[in-house]
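Heads up, the next two complexes both have chain A, just with different partners, chain B and then chain C.
Showing the complex of A and B:
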């Protein structure tokens, strides 16, 4: 059971605003989805190691300095840039 | 299709510019209804075609993919060309680098016709979670193309791209390929570089081709599966697959897991049974195998995928790229307003679930337990492959959904992924190929699943089926390019 307070707390952690009109619908959805996820409770996992479950190995490259992106390129997609930095105003802002 | 285009260009029966013009004209006619493409790059395509014609005219040898018009799912980064993941939050975002797979195909002379539709951030099974509206099924516009790589399947199925690259996190290449009557290959985790693929769930995502034949899938796979310094999980392919397409399959053991046949449509089951008879007539033997952990694979998949997504999608803050909310009173408010206005409902649901299963007090019960169950699923496959070479299963328990019938109940929608997600969970390769039509004339697909890095064997088996059935399960769509 997910309560309204829990949902709002999750939203805060997820950096999402949930409007009052969406809360009821999301509570129903989350309830259903968590009930669905709870199905794993019945399964046994006694003989499985947790570490590196996929048995993957890193494929490393040689550790040497290579060219990367220019500062201009990195800043290209930002809405507001100032003196080579990303700029965000910390107050009311209307574009 | 790819070999045919190569032959036509080589014998100068058509120029590359003429070919691209034909495709662009067909896109112009069909795309309004299909919504396969979300961005058509006509000028770039014609410009590339012109330089390829010059190359051909000079008598220079050219690669088999050179001059072949194709498409990329809109989560594969293309330098200088908008890449949105079909999300409002990335509208206007133009990558400053090419994904490794596209960089290589571009070097080989592949011509990008445009970017194709998908469920937002690849989260969905119908393509209807796209901010552009869902791609339609070329066999019948009243049905969905599938998801999440619905646009690629819609375009290739309709004949308005010769082939395309999609991504598969839980079935997103194979399911739309199945719905649109195409071949879709989900490679082994680690065979194809993910550099430049906008991440959904990093331990599951893999790029692969959607094509009109097993041979085309092999040609494309051989060009996209290479070791890449930019992806530390990628080691490339084990061997070329094209050279194994005609290997002898006599004596091959095909595993049948009853767990994949629970609750599937009878028409799908009939087609699969007929396909098994075809394989038997070619000298294959059938072996029963058991995958008991499949029973809880869906929740395991959604817990792991959403946990990884909630972390991967944390980067969308409105500061560095994409959409930014226009009114706010603090940085925190700017970020949460940007994300709330920019993400669609399904993405928000998955971020919330991912945050829930990773939060203090729930981590052990959900995320850790799901990872351990992932180990059980991997063990099941390992045991099954001790007694068979491949496993044959339906790709989806049903054929394409009618438009607008899928998004009401999220959990009901998740259930349709039952046959595909286990392959991603175990990191295995699988190829979906057409094997029938239902009573509504919609394509039915089946998938061949193999041990890690067995793509050559899977594509060979797919090719043999295609030949034995005289390609009768592939259908050309009116208005598309049929060479």
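Showing the complex of A and C:
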């Protein structure tokens, strides 16, 4: 069971404003999502050693510099840009 | 009541790799905003991180230098939090399987400070808060860091300072970081609590942030300790929270608000595979580690006979220590070299950074030549000093500065001859000396110095003069 408190806590962590009217609907959705993932827990893994799906390890890159993207390209997807910086309003994240 | 301070440190050290931890962008400090970036380090969907092996190598070097065990299996995890310095809304770090664990640093008072763990992670971007808005530069985002977490073993501010200085020096020696606090390549958070002396329970701790120098760390801790004692003495309770050091007022202030959000919901980073450093590889990396500063200091004291102060001054800067060691090859009196470096060369530098760089006109080979001439008695100390000064000024070699005459030195016979002349041409001084005025010798000594262009050994000359007078 996902409680209302847990839902609101998650919303806070994700910086989401959730109105009271949304809560009931979201609780149902969250419940469905968790139930879906619960299926994984049902699998018996007691005798399985599992690391990652490809059983890979030590995949590395050499420490060689490659060209970065241009500032214009980096900022292209942002709606609010100023003097080469991304710009955001403080009310979204203020400490 | 008497209180005891209990502290633990979390130190972030930026690694001196060429490229970022998960992409090929440069790690160079500064630059125009958002020009050292690519889709990977600004977290665009669909991009995949790929781990820079140099990060693993450097972290293992750091671990071995701090007496850590290196994990057979390590992995990376996502640490989730929403803040604009992280474009992905998570930082890739290591949670339950860090690369290095269970190390320690031994302090000069004999106490050991435990190193709980060292893990690798990516740095966040830089934020500038202005006019109610935040400006974001991701150049630093994705620069590799190691976080060195200590046990809560510190009991005084001095211990903290010594630990940090040692950490900084060690990281510089092994070449994994320049550890510049001002540029943020070394950053430190301090967990502070107090408890009544004799108690073995920990008090409630606060975490101090935002200190960019060793002096500020000491100031912040001293302030915070007194604040906590005052809170307890007034019958209230210390609140567990993060506090920011305010440089201007010298106080710490609560950063409440962020605190309730401390739930990072770590989970394994699915885009990166397991890290497994083999024993062979660990041994290979161990061989890359040079002699560590604490070993060097004891060597300088015990083997070279330097004072502890001088030894520490030389070892404090790796380039200086390297220069010193190359310069004394085949030399017997090591102190001449340390004296020249400390009194003549250091005095030419104004900043710590300049000492660190140790950019001088003189090669260790030049210095070695000069030291050997001095040791053989060919030139006197004052001549050596003057010569070194000129070498430093002009970059000229020893042989270009000293004439053949200088290099010939002064034989005992020549010196005795000049001393004889000094006695003959100063009958008044001789009479004064014989009359009990010991100082009268000095005027004859002056004559000798003048006539040997300062090459004479003053003590020896004085002895010869006195012998001549007495045997007259």
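Criterion: the second predicted complex is superposed on the first by the 68 of 95 C-alpha atoms of A that agree within 3 Å, B and C clash if a C-alpha of one lies under 4 Å from a C-alpha of the other, contacts with A are read in each partner's own complex, and residues count from 1 in each chain.
One rule holds for everything that comes next: a residue touches a chain if its C-beta (ideal position, glycine included) is under 8 Å from a C-beta of that chain, and two chains touch if they have at least 3 such contacts.
Owing to the predicted nature of the structure, the values given are computational and were not obtained by experimental measurement.
Using the contact criterion defined above for the overlaid structures, shared-chain residue A:37 touches chain B, although it does not reach chain C. Of the two partner chains, chain B is the only one touched by A:79; chain C is not.
In the superposition on chain A, contact is made by A:63 with chain C only, not with chain B.
Set against each other, chain B and chain C touch different numbers of residues in chain A, with B touching more.
In the superposition on chain A, A:1 makes contact with neither chain B nor chain C.
Of the two partner chains placed around the shared chain by superposition, chain B is the only one that A:29 touches, whereas chain C remains out of contact. Once the two complexes are overlaid on the shared chain, A:90 sits against chain B and chain C alike. In the superposition on chain A, A:45 makes contact with chain B only, not with chain C. In the superposition on chain A, contact is made by A:14 with both chain B and chain C. Across the superposed pair, chain B and chain C both touch chain A at residues 13-15, 54, 56, 58-61, 69, 74, 77, 86, 88, 90, 92-93, 95.
By the touch criterion given at the top, residues 17-19, 23-26, 32-39, 42, 44, 50-54, 56, 80-84, 128-129, 132-138, 255, 257-258, 260-261, 263, 265, 270, 272-276 of chain C touch chain A in their complex.
Chain contact summary for the complex, chain A toward chain B: residues 2, 7, 10-11, 13-18, 26, 29-30, 32-43, 45, 48-50, 53-56, 58-61, 69, 73-74, 76-79, 86, 88, 90-95.
Those residues of chain A lying in contact with chain C across their complex are 9, 12-15, 51-52, 54, 56-66, 68-71, 74-75, 77, 82-90, 92-93, 95.
Across the complex, chain B meets chain A through its residues 92-94, 96-97, 189-190, 203, 227, 229, 231-235, 293, 295-296, 298-300, 302-303, 310, 314, 317-322, 324, 326-332, 334-337, 339-340, 343, 348-349, 351-353, 355-357, 359, 365-366, 368-376, 378-379, 409-411, 414, 427.
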